[in-house]
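You will see chain A twice below: alongside chain B first, and alongside chain C after that.
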Partner chain A sequence: MSLLDALPTPKLRRGGYPNAVLVSMSIVMLAVLWGLDAVSVAPNRIVQGTGVGVLGAIGLPGAFLASLLILAIGGLACQPGRTNYAAALGAVVLLLALMPFGLMVASYFLIDPALPQARLGIGASYWLILFILLLCLIELRLRLALTRLLPGLLLAGVGLLWWLCASLWLDDLALVQEFKARDRQFMRAVGQHIVLVGVAVGVSIVLGGLLAMLMRRFKRLQKSAFAVLNFLQTIPSLALFGLLLAPLAWLAANVPVLAQVGVSGIGNTPALIALVAYSLLPMVRNTYIALEQVSPDTLEAATAMGMRRGQQFWQVRLPLALPVLLEGVRITTVQAIGLTAVAALIGAGGLGTFIFQGLGQAAMDMVLLGALPILVLALLVDAALGALAEALRPGGIQ
Partner chain B sequence: MIELSQVSKRFGDETAVDAINLKVAKGKFCALVGTSGCGKSTTLRMINRLIERSSGDIILDGQALEAYDPVKLRRRIGYVIQSTGLFPHWTVARNIGLVPRLLKWPADDIQTRVEELMALLGLPIEEFAHKYPHQLSGGQAQRVGVARALAADPDILLMDEPFGALDPITRIKLQDELASLQGRLHKTVVFVTHDMDEALKLADHLVVMRDGLIVQQGTPLALLQHPKDPFVESLLGGLERGLKQAALTRVKDHMSSLGPTLPSQYRISADFSLRQALSMMLRDHTDRLAVVDQHDVPIGELSLRKIVKEAQLEKGSMREA
Partner chain C sequence: MKHSDQHADRRLWIRSLIWGLLLVVCVVGIAHAEGLFRWLEPDARQVIYQRAQFYELLGRHLLVVGIAALVTIFFGVGAGIAVTRKKGRDFLPLVAQLASLGQTFPPVAVLALAVPVLGFGTLPIIIALMLYGLLPIVRNTLAGLQDVNEEIKVASRAMGMTPLQTLYQVELPLAAPVILAGIRTSVTINIATAALGATVGASNLGDPIIAGIINGNMAYVTQGALIIALLALTIDSLFDGLQGRLRQRLSSPQRLS
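On to the complex of A and B.
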């Protein structure tokens, strides 16, 4: 159900050509490992750190081990086959699992315990290798024709390990320091973010569903409604927040009841209105298409068997529309998770707060503290809803 | 019993069905045949009110169609279509049990009925009950479609080119099964097809339609013997008409008793069609066949000369009539 599933699953061929994707990714990783900075060291929060290469960060043995594992991925990919792919998968997972330990080694080497403000930043090669390893994982999932579950579990295990390392031993890491300085705030921001997204998506599911039903009933409505929704989608999010500011502030000032329930020019209300406005288009479009794409033959059979309109809708049309409908929920939710970051600018809270504060203070690690969880949240929702839609396909069709 | 009188259907300016009269007696199998767009499907769908007619009357079991609630009407009329229209998100068992469920039968009764129907249509329960429609072959899906239509034991069965999408071998097999099913169940069937052989094989009453009109109707034999115009004749197979007619008659209706001469060494069962007998004569270069019973004992003789003579006599007597 995610973008990747649209790719055809190539057949395994024993002793065929080398897997060009994995081989080239392995070469790029090697170049990145030796060519770019692995970590950066800064004496305090504001000063720009100085970059340190792989040898300085994890020493010759560490660099040697990392290179070996990366070469193994490329080497195994030269002779494709199920066993070799499985071994390559093992190497990828091992690399992912070792990465936080690399940081530990680096902080041991590079951070002077006498300087309490000194911190370790994660460098370009570290991020790039992490990214490429995830690509390798996707490629291997396709080659090995694995379900979502196994790679998901592997990633969850690796994530847990990282979390453990970060909370127990990686005190010198800038990201960890940023987190430790405001862990309560962080948890609250995550909560706010999830609530904002949840409410916005919930409201747009209800509104979108109703709107899609109205469009089916009154076909003439369809064109104008989609025009309006498309138009809403083109307004930059910041501009929409700005546009809502004045009328909502006026309403709050003049209608006391609204002010009492929390309506104001800034804060949650405009954020939610804007989020719902953006969410409506994908929601309505998918719901409408989902309901309309159900085969007319099947629906006519339902009528001919003597189903009433309501029975036909609830027992046939809706269940058959559900996978596409959930796809709409997935797209909408992922989009809303990203947009909610911007809502921080008008005081709605959420993880965006850290991004904009960090930008203001030129503290890149604080930006990361906001951006990384947003990324993780989006990926989690994407995977979970994708799996749900897959599970709801009747009898595993398609 | 279904009775249509002066029934018409107009879509805008187009007349799909033009003042047709049709009577299908209880327990009879009526086939509507014609080229595509001749209005046969429209006629069928007017009977269960999937399409509302523009004018005319339809009487079902002595009552005007309007007297029935359309939903309840459809629950007592079985309906089978070409693409089967099975619900892809339901198992075979659930698909078959649909109408009884709509009629709020007790769960146990539904279960029993589904098992009964699956047995009737040759679908082993443990193999098929939990399969989904996309896991079935065309023939299996069509069997499920028929089982679903029969679920609430309707008196009337409407079938819209049910075997149109099947390969020839499966189609013939299902036709045979439908024929034997009808022999036991005696439903009132209205069957739409463009395949004349199928219609000839199954129907008691054959209706040929063109451009929304009924060109000719009657028993298959009557139509074969007296096609009203070149259109009906070409639909009935033109020059092949003789063979199609032969296919409708049994060997035993044309055999003569055993004569003093030695019976032919070529044998044919009395239950075979005359067409099969003629084919055997051509294949085996003979003009005489020995007719045998199911125990392979000769009971009569079939002679080509006699068949031809009988056909001449028949023709002559018809001219007089």
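On to the complex of A and C.
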């Protein structure tokens, strides 16, 4: 987000120039809506579905309504102004809220109740329009200079609606069927994923903090430690997981005590070691920079007020360093969420299991079942920690 | 000062030469090191990955990453330039926001989402790599171009430079180190993500690792992992050398006068 802070906030221009961004996105959405397949229908899980366009999926009235709303977004953007942007925001949210109902209509039209295995897949135009609508939301948020709260609440409302629709009425949707077939497994995988990320980030916060402190005490350590951490970060994740397998398997086979503690070539141990190794660099770098950048004047003032060294650290340096430190935690956590998915390959469990199992079985909806929650998890953590860092930033510090 | 700079520069190139040599030694030598890997995996029927030659796998890996890198550099830098010009300024906030938000997407998830749309094989990998690799480059191009001092731009205009000349002779050279750092990030991520492509049917250096994990053959895993790691280190040290040279060129007074 640091890049964004440096940007000039876009000004609302009265009349005159149309907003090129929203107009072009609305044109693209129209083209996508009428040109690509909205949904696909498959008689069972493995068979590739046949695509169905927008007319077949939601009929002429539905297609007309969708086109009208999309045109409204583009039309409102031709005369920019606060009211028009707010109305466009309304249209975007309405479209997002109507999307699951479109799927319901499509499943009513297309799914034969006599075929219990038949399922509805989500097509290319559906995904693309969803993506572009989210872009519109970002653009409108920037133009209207809204805080993150309102769009966040709107999205949470839309998400809740989607969840409700999916759990109550969208039984024919392939994604929902995949979930229902393994809901316990799914919940366990989410739990495993969060625990792995949590432990890895927790360990790297402690280790990273210690390392950063040591670096500040012994300046000579700094260069070599950063060199080693950079080196580790360069090695691709799959290779690091792979390189850990052989020695750990050897250790487990030859040192019985370690095997009893749970060390083994496959599973959580190599995953955690690799995750911590990757997490250390962003953690240490941000902790070190955060602690170093506290202005010497402030520290001098603290000394002048009679603070002892310990007090100075805990009451002045650490609170001032906290936002940058949290930025490190944010980068580390988001990165760890993605890397944990790779760890499923070496048997660590988590949501990556669905991705790789689904790829193995060519069951694309199972892949989605793994990939979408990972994406959502990463975005949620990013937003939450970003907001926390912003809240902790003291007023005077840039 | 200048002498020591050149010295450091030479040391950077020597480091990439060493990693490159190690890579070549491994690619050629692994096929002949059966004894070594037999010790690692005494019971396996085969200890050297046989389904393809290592240099073929390396070549395919480099090809995929290379194509993706060329396309992303072209479009990424192009997009960064386009939205900082007068005509494209409307798109700047959205593109900047998207580029920083995109860093949140895990590469595995992007790869997995590309497969349902594009199918199995090498093509989805290249496209997923392009989409993902675009973001760091766009982000850094924006940061680099916006960091260029406004007064310098005004001065170049006062000297009678056209906007195009300003872009090529002033803005891009000054932003080059930041842009290069973005390209480095993008390529590093792509080398790692391409290896994951072995799970979606692309044949590259990830293959021996995946095959080794599935068959429980640690020798395969080690061979694949070793070569990918050395490849990543070689490319990374090459970028190190390039960045060192660029820094030197920008800071040396003779060049600017």
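What we mean here is this: the second predicted complex is superposed on the first by the 385 of 398 C-alpha atoms of A that agree within 3 Å, B and C clash if a C-alpha of one lies under 4 Å from a C-alpha of the other, contacts with A are read in each partner's own complex, and residues count from 1 in each chain.
The definition used in the following text is that a contact is a pair of C-beta atoms (placed from the backbone, for glycine too) under 8 Å apart; a residue touches a chain by one contact, two chains touch by 3 or more.
For clarity, every value in this text was computed on a predicted model and none was experimentally measured.
For chain A, the partner that touches more of its residues is C, with chain B and chain C as the two candidates.
In the superposed model, A:Asp297 lies in contact with chain B only, and not with chain C. Judged by the touch definition given at the top, the superposed model places A:Ala91 against neither chain B nor chain C.
When the two complexes are overlaid on their common chain A, residue A:Thr234 makes contact with chain C while staying clear of chain B. In the superposed model, A:Leu33 lies in contact with neither chain B nor chain C.
Of the two partner chains, neither chain B nor chain C is touched by A:Leu120. Of the two partner chains, chain C is the only one touched by A:Leu245; chain B is not.
Residue contacts after overlaying the shared chain place A:Ile129 against neither chain B nor chain C. In the superposition on chain A, A:Gly306 contacts chain B only, with no contact to chain C. Within chain A, not a single residue is touched by chain B in the first complex and by chain C in the second. The residues of chain B lying in touch with chain A in their complex are 48, 50, 71-75, 79, 81, 83-91, 98-99, 102, 131-135, 148. Those residues of chain C that touch chain A in the shared complex are 40, 90-94, 96-101, 103-109, 112-113, 115-117, 120, 139, 142-143, 146, 188, 191-192, 195-196, 199-200, 206, 209-210, 212-213, 218, 221-222, 224-226, 228-229, 232-233, 236.
On the chain A side of its complex with chain B, the touching residues are 297-298, 300-308, 311, 316, 319-320, 394-397. Considering their complex, residues 1, 3-4, 6-7, 10, 19-21, 124, 127, 135, 138-139, 142, 231, 234-243, 245-246, 249, 265-266, 334, 337-339, 341-342, 345-346, 352, 355-356, 358-360, 362, 364-365, 367-368, 370-372, 374-375, 378-379, 382 of chain A touch chain C.
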